[in-house]
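See the structures that follow.
One chain, chain A, appears in both complexes that follow, with chain B as partner in the first and chain C in the second.
Here is the complex of A and B:
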């Protein structure tokens, strides 16, 4: 997000004032940093021996395997949510009231629930009702899709509503039938328009997939926890830092793609 | 059904804990977000960079990882506090970034003309900020602030897994002893969350229409 120009470009006097303020604020900030570093060193957290665990090949492999599992969940969830979200959006915009009303209630209800509740609903609810076991992967994916498809359907709906009315009218005038209007005229424009949204949705899903930790699906966070449990508490901070960094890198890459796309499509 | 009637008081206290946790964490996160947003819109480039770095780092670490750090890793380092307090700190670190973005989006929605006009009128930077930017910016950011708060309430459910007995945590404990009432318990929990989130979402939409109408 870019700031609007809130100020004039600073002149020499203003620049000097800014520098002065930076210095004044830097003193307590520096004191804080020094305090944190000394406390951490006393606790032995900054030992290079503990941090060198991040170069251990087994740790790297297990974290990257976790990352791969995270991306697998995120990818499958996004694709499924796209399909279900489109159907929900079409249902909600339908002229048939018996279709649009229930879809609307469904979407609003699901968007108000915590994702973790939906994941647990599938994870514990499906075996309780049907007696069938569900794998942690699918429990996680279906739970996330329940939530994400509802929020994606709103993105689709906004995309459809933003299209000029003339598009649909022109299609009718040209004699294009209902499904073909959607497939060849409306949908391509809608997808183009909401593509950046979809990529940032991917960021949200990537982060939400960390709920796999809670139901025992070995994604990035859980593989980090397992590594800590296996190696011992003195490695907790370095390994957590590695896990957090991987999340940040993946999410920043995805946000970057979304920014590029939205600039391209404008 | 019996499981719910028998445990209605436990569920209710979980619901109230969720409300308390959300209110406290929401308050501290909003405060943190205001400071970060103040940094982000200041004319000091160092403060702007600090704010950007904080948001980029903290927003992209999942909520579950924040809470995991607070509740599993901090105690290993010898820092002991009740789970409830640790959960508030974890949620605050995460959501300050989101509240900052909400306030910034409101400020960014101010028309260029407003700022040009205030400059043309000869207002100083601080005056522009106080008289032009903040009144309009904060009003614009009410809908995203409400939506961020809704997201925060839903994220507090994760704290239930880490030993905080809020609504979701209470549900998990009850499921452990009443495994025949899984669906009913989840339904009641879901209704509990919806009671907070759906009215809030409606309010956000209403305010949004009003803001759009006024500008």
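Here is the complex of A and C:
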């Protein structure tokens, strides 16, 4: 890791002061940890019996099924948002005002709306307006894509704006047509540039897919909740902890993949 | 001038940036095989003029044609024409995500539909010719400025252009690298390439130019041979410019 030297190297006096403050702050921190552990223990939440529920095969299957549903929503949402987001970014950067202005309004408006509102709007609004039923899966995906594509379009746009103008000029001067310039010269560089952003957007989508909970799409969070309802409240903490662990694992995997990708792309 | 073998013809060209008149009634003919060097103080419009020739900068009125063909308005034919006009930029503008070799092969394959093997062989030949063959698998960022600019020249030559435009090709180079790039450009002038070179290198203008065009404040002030321009210039503005740079 790169070491960002924000501060000067401490002198002897400062080092002593740092040691003192470390000690002073460590005491309440330690006390806090002890308090949490004893409280949990008194409430019987740390009992190994409750936690052993996480080794129960039915619970595992149920949570993994939920995880799969989460990944399905997240995967489809990410792919659609990337495509729509790129189109929105290109629209907003267009020199045609009838295209750039509406796109801009659309993006700004959608980025300002809570995702849960969009999900509800699709889930309840589409049947109300069209009379067609929409599955919870697609209601969730469309709701999330509405927000996420607007958000990703801004990431794309920032990437395009950060590219030196000369890259496009050099391609154009060689007689390369617009689409090929975009596809072979600009886009590869933009994607490399905004990869960290795109991964954090993917992490966001994964977490936001838990909104499936409110419309009854059985993803990871809801399957945890259903397991607790079935087994009883004393299992809430272990099961939610298991759910949390799965979310964290997915997100860590995403970061890991992005690190490998950006190293490969240099 | 010679209307019969004129390669670049610029007639009555005007351009404004907002209310700023960058190019004022520019007329210039460049004959086939001729090397024209454009000199002038910064802000005189010489770079802009160079960039209008392949329409990287659109003009407000006037007419430009290359090899008898007017610059097309439609993007398809315009791209076609640009592919026959090589351009070298001040900032090199190599494609940052491609290796040196890929930079040179890209347009021949994508625009000219050459077979990759043929494009590769030609690219290696050109890279050797400009003296950077050994760097072919590196990324542009791993090269010195002088090496990058020589790659950029090879990239333009790979399209077998009728005309080469150089827009201040040595202005962002460290002094010790200017010569290696100028040597490559001088070598090209001997091959009979039609060239327009915008530069601040007076030595280059003196030795390599067939004609010198002196611009100031968006106008062509003086056009003459290098000997005449550097020894016996006709206008006060040119004299003032030369007194500062020589």
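As a working rule, the second predicted complex is superposed on the first by the 228 of 266 C-alpha atoms of A that agree within 3 Å, B and C clash if a C-alpha of one lies under 4 Å from a C-alpha of the other, contacts with A are read in each partner's own complex, and residues count from 1 in each chain.
What we mean here is this: a contact is a pair of C-beta atoms (placed from the backbone, for glycine too) under 8 Å apart; a residue touches a chain by one contact, two chains touch by 3 or more.
All values derive from a computational prediction rather than experimental measurement.
Undergrad: So in the superposed three-chain picture, is A:233 touching just chain B, just chain C, both, or none of them (first/second/both/neither)?
TA: first
Undergrad: Once chain A of both complexes is superposed, is A:201 in touch with chain B (first), chain C (second), both, or neither?
TA: In the superposition, A:201 contacts neither chain B nor chain C.
Undergrad: Looking at A:243, would you say it contacts chain B, chain C, both, or neither? Reply first, second, both or neither.
TA: first
Undergrad: Between chain B and chain C, whom does A:178 touch in the aligned arrangement: first, second, both, or neither?
TA: second
Undergrad: Tell me which partner touches more residues of chain A in the superposed arrangement, chain B or chain C.
TA: With both complexes superposed on chain A, more residues of chain A are touched by B.
Undergrad: Once the two structures are fitted together, what part of chain A is touched by chain B and by chain C alike?
TA: Looking at chain A, the two contact sets are disjoint.
Undergrad: Touching chain B in the complex: which residues of chain A?
TA: 1-8, 10, 14, 18, 21-22, 25, 43, 45, 108-109, 111-117, 120-121, 124-125, 128-129, 203, 206-211, 213-214, 221, 225, 228, 233, 236-237, 240, 243-244, 247-248, 251-252, 255
Undergrad: Spell out the part of chain B that touches chain A in their complex, as residue ranges.
TA: Touch list, chain B to chain A: 40-41, 43-48, 56-57, 59-65, 68-69, 72-73, 76-78, 101, 104-105, 107-108, 110, 112, 115, 119, 125, 128-129, 133, 150, 154-155, 157-158, 160-161, 168, 172, 175, 179, 182-183, 186, 189-190, 193-194, 197-198, 201.
Undergrad: Quick check on the complex: what are the chain C residues that touch chain A?
TA: 54, 56, 75-76, 79-85, 87, 89, 91-97, 106-107, 110-111, 139, 152, 155-156, 159
Undergrad: Which residues of chain A touch chain C in the complex?
TA: Contact set of chain A toward chain C: 164, 166-167, 169-178, 180, 184-185, 188-189, 192, 265-266.
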